[in-house]
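Following are the structures in question.
In the two complexes that follow, subunit A is the common piece, with subunit B as its partner first and subunit C second.
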Partner chain A sequence: MEISRRKLLGTVTTAAATTALPMSRARAQAKPVFKLGVLNDQSGPYRDTGGITSVICTKQAVEEFSSLMQGYTVEVVTADHQNKPDVGASIARQWFDRDGVDAILDVPNSGVALAVSAVAKEKNKVHLNTGAATSDLTGVQCNENFISWNYDTWMLAQSTGGATVKAGGDTWFFITADYAFGHKLEGDTTALIKSAKGSVKGSASYPFPGTTDFSSFLLQAQSSGAKVLGLANAGGDTINSIKQAKEFGLTMDIAALLMFISDVKALTLEVAQGLHLTESFYWDLNDGTRAFTNRVKSKTPDNWPNMSHAGCYSGSLHFMKAINKIGATAAKASGKAIVEAMKSLPTEDDAFGKGSIRQDGRSLFPSYLFQVKKPSESKGTWDYYKLVQTTPAEQAWRPLKDGGCPFIKA
Partner chain B sequence: MLMVLGYNIGPLLAQGMLGLINGAFYALLSLGLAVIFGLLNIINFAHGALFMLGAVVSWMLLNWIGIGYWPSLIIAPLIVGAFGVLLEKVFISKLYKLDHLYGLLLTFGVALIVEGLARNQFGSSGMAYAVPDSLRGATKLGFMIMPTYRAWVVVASFVVCISTWLILEKTPIGATLRAATENAALVQSFGVNVPRLVTLTYGAGVALAAFAGVMAAPVYSVNPNMGSNVIIVVFAVVVIGGMGSILGSILTGFGLGLLEGFTKYIYPEGSGVVVFVLMIIVLLLRPAGLFGKVS
Partner chain C sequence: MIWSFSRPQLLALVVMLAVIGIAPAFVYPVFLMKVMCFALFACAFNLLIGYVGLLSFGHAAYFGMGAYVSAYAAKSWGLSAEICVLLGGLVGAGLGVVFGAIAIRRQGIYFSMITLALAQFTYFLCTQLPFTGGEDGIQQVPRAALLGFISMKPDMAIYWMTAGVFLIGFLAIFRIIHSPFGQVLKAIRENEPRAISLGYRVDDYKLIAFTLSTFVAGCAGGMKSLVFGIASLTDVTWQASGEIVLTTLLGGLGTIFGPVIGAVITNTLEFYLAPFGSWVTVTQGVIFVLCVMLFRRGVVGEIAAKTKVSL
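Our next item is the complex of A and B:
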């Protein structure tokens, strides 16, 4: 039989169409896929406090919960927002509009988080923040599609700042990163100092990012006559500030208002010993935190989880529990419905123990004030903290009525 | 206390001193850039990454093989300089006949790759590099405490800058090099191997960046991002000083360090832009830069 080219093409196309049909029908019946997008800094100053370890911890939660997913599956995607609010917001739009992402996680850098939070509300998706600090996210800028998981500026001010004031540090000078986060942290701490009848002698706001030399501000702090140097910054900036304070023989007490375990590792115990800092998670806190860390540490051996990373794990688990509660179809339809379900369920996992989420999107866990160990007290890398004080969940966070969250009044 | 423009002289002096220290780094880095641009006509955007590489190599020498700060000051620039020579041989030498823009794009790409690899290997928190024992401690100057190491940075970079300028301007090698960039064919006809000379010059410029990196390691933490923070300012220094002017880049480096230091005291928020404001003013009034020759 002679086969013409046209005939051959026709046969192939029909065959393709007939085989494709059942496939597309099968796809229609397939389980819905929920996508978690981990959006953070993967190349800049906050890479180690979030970065790839946040992705690993999110995947860990998905892996552990996979047998409990009721009629759906979960995928994890990731992107670098480069600490730029415009980049963050446009990735969020693309994820929601084109890629079918249902929830965005982590998002360190308060400037970026505020931008992404607005996009998530507009698209009725979920923003589960574990990386940004400004307490405005659950205050005046709050919305019903948002949850803040593990820390904020008010809680840090209360814990580290409160302990410093209690120890007699009543006059302060701030070195502040000149953007949303730094100013909010300085503001929340200032309010606390003033309520304890202390005073702020001055502050220097430096350009962020891009400042590496803090000696100029340290000298200003020293000559202000204040007893305490408040560092309203994070990551590499905090590391350089502390390092240079030692170099210039600064005689003030240093209150590093936001510091992570990776910062302590970078500073070394010799330099960081004795500092106080606050986290809501530490790997060696209890059996649960140790068990969680044991499960993930082989996947991220050079960067053990901090409270942001653990927040991605814990938040993702709770997100999936909420889907189970309202069903995959309802969850796919509305981010707000998922957030409401998350608020109605108590939280429980290895990393943060038992907790709850308040109406304004504030998760409530205890906060822990740690002191950095002396080199002689440490058993090795990552054995860095001594627990000094635990603030129970009821006292650790700004009271609901003081936040000014608009939809709470309504 | 003595006042200047409503500010106490003590803190102003202290800020000026700190500005000079930062200026020392600007001068060292812009010097390398100026040498490379002035003699090779390449806008070396990889300079910041090579500065970082200097610091990282000195950290690796210390932590992996136990080679301390002082030998590192020579060895790390040699290693990074050799990398520069390789870079020049394999890539940059192909671009001399093309527009400046190609060199800029190529070196920018190299910078991204080098920084990305370093970040992948070492993370972004940075690694501590201790101040060498012999330079520990600090001296009270009355108006400030001067860490010995920072004083050393100013002195060492000043000496290196002046030596480089002397070599290029006052020695036969420098003369040959300058002649080769003016008219390569003519110099080659005198029996000078011009391509090799150019390669070694690029290597030397890169070694200067690495030297600055080793000097910076104990001051800042050794961080894969340390180069990208500083490179833009250093380019502004070179533009203000006059592209390719060796003496111009040295003086402007120290001068802008001072200007930035005072700004940090008077209006800290503006310290990130003051250099660029000056750059715009200079470009408007003297497009060739303060020390540049109008071509």
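Our next item is the complex of A and C:
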């Protein structure tokens, strides 16, 4: 039998191809890994409102969804941005460039969030905001790789501010954290007060982060003659301001414009009782929220989820549903495609119930105005809120046309 | 030797060039760019402390201001990259002339305290002036094109630009140190009254050295803000001034390559310890203590002393 060189080569190649085939098939089956990066404050004033509980809630979502993932797996990574925009932006850049992170979650501190969302847009990845409040993120600074989950300054101003004005608090003095978030919250609330024919007697901005002594600002507030003290701050700063206001015996009504259940726990009911505040999630709201909280509370017994933590859970779930919709390959290629899919799907989970995401990246849920219970009314730790008023999703958020989002065609 | 490089120095320079050339294939380029920006900043600081004996404890003011101005020029005026960096340097030098003129009238600890006070003053301005964006900083700074047409968008493009800026600054400082002017600076460091008695106008020399140093620091800051697309308060804080003292000390005061090695060490630590948050400062403190107790001349200083060469 004559074996030509060509034939021999052909046989060898075929053989090689046949043996190589199972290997290449095996490689094709290696599942793509999606990475969720939880980037928040884990050591500073926002460590309880976000922090490690956000990571736990994100992992909870991944765990619950793991059986439904179609041909991919999900990992969770985390970092502390120390409330510095430059640190946040450089971690985001490094995550996207080097570590294969597909979406960044949480990011409290509006200053950091604005910087991170710009990086996410540049790299065509996803930024799921559940921690930063400034309504500019879905307004003039919005982009197509961004979704804002559970609250913003407009919604807070409308709910807590609106209720305060309605109750007769028509003259205000603001104590404001001196960065993007504080100014936006003060601005959105001021607009609401003005539209209700009230007036703002003055405001004091303090350096953020690092301010712990609010006495001079509280004295300014007292001497301004305003009826309401508006706190345009959050986390540890809000706790300190309220505590010190009580110690000084401040006679003004306090409107804590952004306050979480962890802040109430830190203040204790004796100090916090009677305050009004707004969240879009409370563990004891309905069967769904109780079920969700029951699942995670053993993992974070000292810090039950607030709206920001629940947002991480809900946002991650929805992110994975969107990957299922468009397929892992398309999702890996473009963050914008994931965000578009997220906007097109209705949201549904235990924490927030049914909802939707608007074209500008604003997710729409009802907002709830709560009053902090008296110590005698509370049945135990974490039983803190009485529901005062529910604003339906259609009215809770700034109308699309008023946002000034550049890619929305009016 | 060429440009008054000694043989060991030339060797070290070649190694450094090779590392700059090869490293981006193995290490995350953005991190390398950060190292080079801080290395240049440390070299500028070393020009003062190592060769004139002036401990400026507020060098972050010039670095940070350079970053702000460069970011502002790129974002609001749309200038090209090299002009942004130069503007950063010029603003650093401008501040340096004024602050230097005030500070060099005193010596030792008083000099350091005056520079610190003026740097804190600059920090306050940065929190209050509208153009700096306060606590948010100047964000979304575009990576301006080099010479107006070479895109700096890809990481590797801006990497080579950063390497260029670093090398120009590094060589310029080397040249300054080894020029007759540099000899006078060293004379002032060793014995100021004698330099005066020899007829040198010591204050003028100090001011020129101070201004040159702040110019380079401003350029380094400007480059950093273009790389990261953000200029923020972090770069103007007194902690940043302290860190650059640590960097230089760790690498070796009064050595050419010391600040570069120092910047590599401190930035690597910061990079790998970043997930642990506030532990970065604790570790830096421990290392500082170890450095002062065990190897006072710094890494490069000790190597130079062991091998009896000047690096």
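Assume the second predicted complex is superposed on the first by the 380 of 410 C-alpha atoms of A that agree within 3 Å, B and C clash if a C-alpha of one lies under 4 Å from a C-alpha of the other, contacts with A are read in each partner's own complex, and residues count from 1 in each chain.
Heads up, the rule we're going with is that a residue touches a chain if its C-beta (ideal position, glycine included) is under 8 Å from a C-beta of that chain, and two chains touch if they have at least 3 such contacts.
Since we're looking at a predicted model, the values are computed, not measured.
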By the touch definition at the top of the document, which applies to A:Ser43: first (subunit B), second (subunit C), both, or neither? both
Touched partner set for A:Ala396, first subunit B, second subunit C, both or neither: neither
With both complexes superposed on chain A, which partner does A:Ala180 reach: first (subunit B), second (subunit C), both or neither? second
First (subunit B), second (subunit C), both or neither: which does A:Ala118 touch? second
Contacts of A:Gln82 with subunit B and subunit C, given as first, second, both or neither: second
Does subunit B (first) or subunit C (second) touch A:Arg93, or do both, or does neither? second
In the superposed arrangement, which partner chain does A:Ala245 touch: subunit B (first), subunit C (second), both, or neither? neither
In the superposed model, which partner reaches more residues of subunit A, subunit B or subunit C? B
Contacts of A:Pro207 with subunit B and subunit C, given as first, second, both or neither: both
Check whether A:Val296 is in contact with subunit B, with subunit C, with both or with neither, and answer first, second, both or neither. neither
From the superposed pair, tell me which subunit A residues show up as contacts to subunit B and also as contacts to subunit C. 43, 178, 207
Show which residues of subunit B lie in contact with subunit A when the two form their complex. 10-11, 14-15, 18-19, 21-22, 116, 119, 123-128, 131, 138, 144-145, 147, 149-150, 219-221, 223, 225-226, 229-230, 261, 264-265, 268-269, 271-273
Please name which positions on subunit A make contact with subunit B in the complex. 41, 43-48, 51, 178, 204-207, 209-213, 215-217, 219-220, 223, 235-236, 239-240, 243-244, 247-249, 262-263, 265-268, 271, 302-303
Going by the contact rule at the top, pick out the subunit A residues touching subunit C in the complex. 42-43, 78-80, 82, 84-87, 89-91, 93-94, 97-98, 110-111, 114-115, 118-119, 178-180, 207-208
Subunit C to subunit A touching residues, read off their complex: 28, 30-31, 34, 127, 134-137, 139-140, 155, 228-232, 234-235, 274-275, 277-278
